[in-house]
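So that you can tell them apart, the chains are marked A, B, C, D and E in the order they are listed, and the count of residues begins at 1 in each.
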């Protein structure tokens, strides 16, 4: 049952790479946004919040379409990025990672925001009296206290990236070895009669990977809770 | 009959089927509601007892699957529409019309890094036709590594329309509806399996108008709607 | 050493909030704050630490101005160099006792308080590797006091520092605080309900109310 | 611009119904699962966790396919439900709600679990000493303390239900008036060159609805925090 | 009134945990627990309340067996009818003061403690609509005491109930507790570091250690 074709193996490896990069690369922005929404009041906050939720609310293909229009080689932003920085997403695995990151972003921000809101501000005050600058307070108190939410947010984004397909295929197509992830491979198999065996095999791989990610995240949370540093 | 007639139709038929449903209602008073999705999804749903009265597929294979399971009325089945397969480029591309035969070389048109947009070549019908055509014209080995495979043929069309890829292969009906692309050439019919959209009444349907609608789709009046959108009538 | 003349306000929004004018000017090294529960003692310490912004007024410690509503001065909390032992210990739950004690250690300069001395004095040597959520009430209080001392502050703010401690421990700590008072030039603001405790540390008692 | 066709209006109304029912109906199970994962240790917990995340990890169309196989009229469970309880999901709006609920479930459970984990157990102990049975403790202490996470979880599920499309269209098709939601309507329009105006119009509606849901959720959280009861 | 013979253990897993054998058998209405910080006083109250399960032993209050490791008895916390005032107040942050006071009101039967009496005695009448996160240290402590009393318990567990209160308030509360002792049959277990306080309530002082 687990004789994978080389194409499938390529898709699996690519999915791993894309999901890992999507989850980790969006984490700093996710933390910053979660913190902003948790702690600051500013004009247009509701709008920022809605913007963050956008990829959840729209059908994935629409999100992919928007990315294509904005960040394709001929897109408004995409052409600028290409010209000035030589950064291109179109038809590259980086584009797949970007699409997955965008789709997972609302999940990540929500959980991070929630844990930052739940941290005890009085501990941050105590840190400040002990001479910690706001930045050190954030790093040494807020972040560790919000750690379970940060890990959960990253795991959600990672899992979402594994399952993401609509935005990815619309934005960067499915190019074997470059942008064809497990999900787009499964989608392809769904289109032909009799592809079922392949579908379940690949689905099982995706589930296995996410199980490992979940176990790793539990461990990360428990380690910080149990141990000290 | 009061109950609306439920038609499951391949997503690529949306515009014409919407209009056909409208006209049919005007003529007969029978309301028609159409559920559009990929042919594969619709076929699987019919396998699972979906309340569809009529199925219009973009894919002969899936209709065959249903027929072999006795889920459609075989005697109502017919090849409703045909289509052509065309090579398109962005409207403002410098590429010229070419003849698609054994001697044609598309690589220069792709340039250094350009890709050719197709529907998924192993699964979505339009992609499978395109792959078959390139294969029989001896171009597939060159192009294999230069494809950008989209979820469906309209998504491939979009890539060309936005100039993301210098070339694409889509149906003639698609090319005609998209002003931002131009047709460089039409693939010769023999190069790929015939493009057929079969229609049939679903076996389990008890709607009295189901067979009527299937028959009506073949009337000249209905055919005009499809022809206007670039489908060929078979 | 402490000159303070401020108007404090808490939860005024919903009406019937707390509002008090507090004025203290005293050269004593140790200044005791007294007053019934809810009188505003903790609020004054918060204001000195910078955690509560007075509506108006001025706070000066050892000639250093920390706050002045007229001059627009408001030194940020982390730059005030206070060693604040909170009424609720506020230990960091993600750090062990050692991590808590070390958190505020301000780098350079000769340390007024030595780590080993403080740990020994407070009798928390056996707790160093402990998680702070697993401490008894008095243990947590001692760690909080240690953390405030070890941040090498320029002023000590102690909010009921000895309440949860047994008599024996108290009898060790009071002489230690006396020594701190006499050997360092460190100003101390001391909140306590125990007249006896206060008496042994200072005569400068300010009663709010 | 906002002249909606009757079909579009139907889709909007249906989306509202489907998303609301999906979010609210799955809430009790979401809370129970979140609590279980936050508070209990049991054999196979990692597996339950992975199961909850499943809909996130698999491409939505696969989830829809699984639902179709299991709960379709001829499905293993579907036929049982139909026979014994007269409950049917197949090709009904209830099926669209079920598919959306399943897709939103991981998001809901994650946030609820996180807030339950963050509640102070010592307050629950205090409640118990005051005579509260475990069930009352849960209702009167755990739930209110986890409230922000519960609201956030419901909003995530609601937003996801608005954007959900792959699982829904695969499970219950896109039958106008019955299962064609905003998202599947948008998918239909994507098939039409020049359908862009319609796409953006519907997308804007979805975004508007989610903005309202977000504002309502903020209000729900703030009301509980600020007021008392 | 209290018969207790238990072995307590905390955090033994990571080695070097706390383990103590405690044995108390006393007919006094008020039993005071003394002992240095970390001796296990709070742990004993936890065991009586059912929040900490002893490794072995037996706990009996007024002839009612709450725990017996041999007989396999372990009355659930909510059925023990203890009025526990915690060392850390543990007020419900999502309820106002009134909500906290009312939380434990056990329905039927003649109330030993009247709402208005307790509120007046503790001087928390003005705080009733207040959020508990906005209370001063002593205010929170008084609300916690009130909440424990108003749950109409069959035994009162008071962990340093008067530490954060000023002398005047203390002088009101001690006589009140004396009255509770004399007028109700309620057993009270009282943890305090203040020898003076204890002396005025009971002669039955048990020192752990």
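Operating definition for what follows: contacts are C-beta pairs under 8 Å (C-beta built on N, C-alpha and C of every residue); 3 or more make two chains touch, one makes a residue touch a chain.
Each chain and its UniProt protein: A, D = Molybdenum transport system permease; C, E = ATP-binding cassette domain-containing protein.
Values in this document were obtained by computation on a predicted structure and should not be read as measured data.
Under the touch definition stated at the top, chain C and chain D share these contacting partners: A, E. Shared contacts of chain B and chain E, meaning chains that touch the two of them, come down to D. The minimal number of chain-to-chain contact steps leading from chain A to chain E is 2. Here the spacing of chain C and chain E, counted between their Cα centres, is 29 Å. One inter-chain figure worth recording: chain A and chain B are separated by 35 Å, centre to centre, where each centre is the mean of the chain's CA atoms. Each chain gets one centre point, the mean of its Cα atoms, and the points for chain B and chain C are 78 Å apart. Residues of chain A in contact with at least two other chains: 61, 65, 166, 187, 190. Residues of chain C in contact with at least two other chains: 88. Chain contacts: chain B has residues 41, 155 touching two or more partner chains. Here, these are the chain pairs in contact: A-B, A-C, A-D, B-D, C-E, D-E. Interface residues of chain A facing chain C in the complex, by the touch rule stated above, are 122-123, 125-134, 136-137, 140-141, 144-145, 147, 224-225, 228-229. Listing the residues of chain D that touch chain A in their complex gives 46-47, 49-50, 53-62, 65, 106-107, 110-111, 114-115, 117-118, 148-149, 152, 156, 159-160, 162-166, 183-184, 186-187, 190, 199, 203, 206-207, 209-211, 214-215, 218.
By the touch rule above, chain C contacts chain A in their complex via residues 49-51, 76-84, 86, 88, 90, 92-96, 99, 103-104, 106, 129, 131, 147, 151.
Within the complex formed with chain B, the chain A residues making contact are 61, 65, 68-69, 72-75, 90-91, 166, 169-170, 172-175, 180, 187-193, 195.
Chain contact summary for the complex, chain B toward chain D: residues 4, 6, 8, 11-12, 14-15, 33-37, 41-42, 44-45, 48-52, 152, 154-155, 157, 161, 174, 177-179.
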